[in-house]
């Protein structure tokens, strides 16, 4: 069995004034940011996503995975050295950890699956009602099976559950690899009718993230699109 | 049947300091913004609205429709290139998708209807109580009919429902074409007495948007009204 | 019967840095703002209020009335042209409309009453619980009579109710002309014991506004009190 | 019986950038602020408090009392003339009025008591549940007696209740003179077990304020402590 | 028995623009901040923590303990003298006090235990439901025992409870020394199933804090890591 992993979702919003900086300085700011991601990516899993056009309160998201907390801390120290972070805020930040699921009869992946990347990652923090935790184990199992059955009818959607109890504000960070956001919408609409849905306390904000290389994600900040071939070459991966 | 479409509502607030910039620079900022809208509008549906005088937290809204997410992302990358967005924030942003209605016996329009434009568009995000989703289908149908019947008594008001389950924080984005906001007020007041109303969890904020060409909408930001004839000529449409 | 009217309450907060501008520039900023109000006031009802000393989050409020939305939009475009609004935000904004009351046996004034101005205007947005709207009409009438009876015992307080269903976040904007805020406090305290009070969902924020000419209201922003005689002469009215 | 009084609590947060101003300018900013307080204090009750070290969102609080609203308005106009308020915000502001208590069998003080000043003033806004107001008067009396009895066991703590119904967001502003914050903690802990406690809707934020002369309170903003003897001499009082 | 102590948790967020200052000025800003901590630490307990990489809304936390409030006030006056605090905000601040526990049969430590420091401190404010306080004492004792039993199964986690009734917004500030955040996650997950959990009203935000010398904590702000040997030498302690 692979080890449990810390998962960190860092959502970044660039201050509008950053776009008034001269192009060469913006280029340097972005190169520094990409370099910090690449350094972490040499030994760890890192993915970048653009939220330009899907949200108004964040521009990009970095998803970093590590078996211990230190490399995640160090990644953010490195980011703090970049010019971009002297013009940016982190409006949302989710720290979580993988853990075997109590409900699924399939083994829970404790690390990102190779090839699971889809064109979109949909992410949200989740809290369940306290009543949920006082139900008998079999009852919770029965209710979760209904939930899982609906998910199976949308096999193109891959779910990743991470746990934040005591580490961060939310209880879970749930993320979904989806090539077709419209199918994900249909799945979530169907789930509203399941019993498990009534035990959800909160599952917002919901982030529809567009998967891309860190260079393309940074390029979307000020509209200077990175050339496709270069982007492919620079994809950061473990 | 026409295809489902993504609908994006981007609400923009210009920083007060932008109004201290010299007039020629503000003109350029606005021209760049209008050009980005026109580029998208060549192949897609785009409408602009002013909220100057109806809200205090936003100045303008851009409503963009596309069968896939990419062009909406690209529109916002283009907007990020404009001078205006280096002095502006996006306090509200709603991403949604059209979907056939389960309740109406009329075909649901999945794309904007030609000629539906009215002088005002009223927009709000909506959430229903979870209890709603656990009602039997016939019960939900019965309750929605009561709701729809009230709407039919105000035939001058056109409703557009879009769905956000899993794509964004809200469940729906509802928008109404209305030439007479006072009649819309009467309609919403009447709906308070319907059974469906008690299943609404939240339907704020509510935005009363004034329909205009993108040039007039931008002109309202700093009071330099675009000349009428020019505005007409530049209306952006698909 | 007079026509229904739109009523707009615009609450403005000047950025602290504005007070660091040289006095002549602050004077010009204020003159421009007063001129915009006077232009609207030539044909419409407009009143200005100071909140310096009663709230910390707003400095002044402009209350504008018009039978259609366009002049209110134009007033705010004019305000956007003034220097003051390049150093100011609008933390609260309420759009509403007059409508005959279903409960009072006195005719509802649909426009401001001449001579109703008192030294203070107390304003708040209000929402009722959804249960209220499902009560039978006679029941609602009975409950509202109890509410109205308490109000009649404080005859010096004049109430103005405006409706925002579907136009803005709140359901009502309620405002009271009161020369003695202490008597209003007693009235609201008494109302807590009425049945109608338990159907209130929210009635905050509450703004105690000091009535004054627009010049005096602007003077209170930076402590340069406008001379009394000039203030009287410049009172804006329809 | 003394007259009812308005009580105003103004909580001020200095912008961090103010601390980058040259020392002589900060001195002038503080002298202007102190002078405005002294002017009001010539005829009225005014106290100043530091929150440096007890809260992160405010630095100082000014508590001003007057039988009419005008002098409180004028005090804040004077403050708006000071350099300090061009670098400061008012994150919290509570307007209230004294009123005889319906529950205590001791006469309610309607003005600050001479000699009541303690080393700390603890202040919070309060709202009761609407159910409270529908209880019969004797029932409310009985419940409040239990509350008052607990208070009497902590005789070193002096309570001041002011009423905000209809004047400001909260229903009450409660403040306590306490030389020993630890004893106040014990009192509030004990009150949790009283019946009255279950009728409290909200009683936050809670401000632990350190009583000092206005000069010392201002000195704590940037660490330039005013000399003790000067502070004593400048204490503002009515 | 040792005396009760005030405990102060001050969470600091450096403005992004601070990172644009020249390195020598950032160095001076950090040295001043460290010196203020050391001055307090000569006579009192002080610990520093980094939140770089675990949260987005704060960068560092200072935890200061003192039997009276004055030294804590003075520490923050000293911090206000530092260059760093002219570029920083305090988004979260918790004031609390130690007190013997009513439930545990072990003596409650009223001051930090020597050697309790772990690599991480997890901190959150907590509120219980008002129903809790109306339960009979034996019932509360029974429920808390269940809670304590779960805690004992995770003996490597040390809990510190401090009380804020009437001193600050929350009722408690709970903090945990943990070398393995993953074990703390498992503990909190287990606690969800205990009866005591259903009496929790709120226990967010949750801060996972990385323990380090004040120099290393400051170094993480802009990525200039303090040399290890120097950090050890400068650890601040009582």
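Chains here go by letter, A, B, C, D and E, matching the order in which they are written, and residues are numbered from 1 within each.
Criterion: a contact is a pair of C-beta atoms (placed from the backbone, for glycine too) under 8 Å apart; a residue touches a chain by one contact, two chains touch by 3 or more.
Here the structure is a predicted model, which is why all the values come from computation and not from measurement.
A.B. asks: Show which chains lie in contact with chain B and also with chain E.
C.D. replies: In this structure, the chains that contact chain E and also chain B are A.
A.B. asks: Please report the minimal path length, in steps, between chain B and chain D on the chain touch graph.
C.D. replies: When the steps are counted carefully, the minimum from chain B to chain D is 2.
A.B. asks: Rotation angle, chain D onto chain E: superpose the C-alpha atoms of these two copies and give the value as a multiple of 5 degrees.
C.D. replies: It works out to 70 degrees.
A.B. asks: Between chain A and chain D, what's the gap in Å when you average each chain's C-alpha atoms?
C.D. replies: Going by mean C-alpha positions, chain A sits 45 Å from chain D.
A.B. asks: With centres defined as the mean C-alpha position, give me the chain C-chain D separation in Å.
C.D. replies: About 28 Å, centre to centre.
A.B. asks: Going by the contact rule already set, what residues in chain B reach two or more other chains?
C.D. replies: none
A.B. asks: Graph of touching chains, which shape: line, ring, star, complete, other?
C.D. replies: The chain contacts form a single closed ring, each chain touching exactly two others.
A.B. asks: Inside the complex, what are the residues of chain D that reach chain E?
C.D. replies: Counting only chain D, the residues touching chain E are 16-20, 50, 52-57, 120, 122, 176, 181-182, 184-185, 187-189, 192-193, 195, 197-198, 200, 204-206, 208, 210, 220-225.
A.B. asks: Note which residues of chain C are touching chain B in the complex, please.
C.D. replies: So the residues of chain C touching chain B come out as 4, 6, 8, 10-11, 15, 69, 72-78, 80-81, 83, 85-93, 95, 97, 99, 130-131, 133-134, 163-169.
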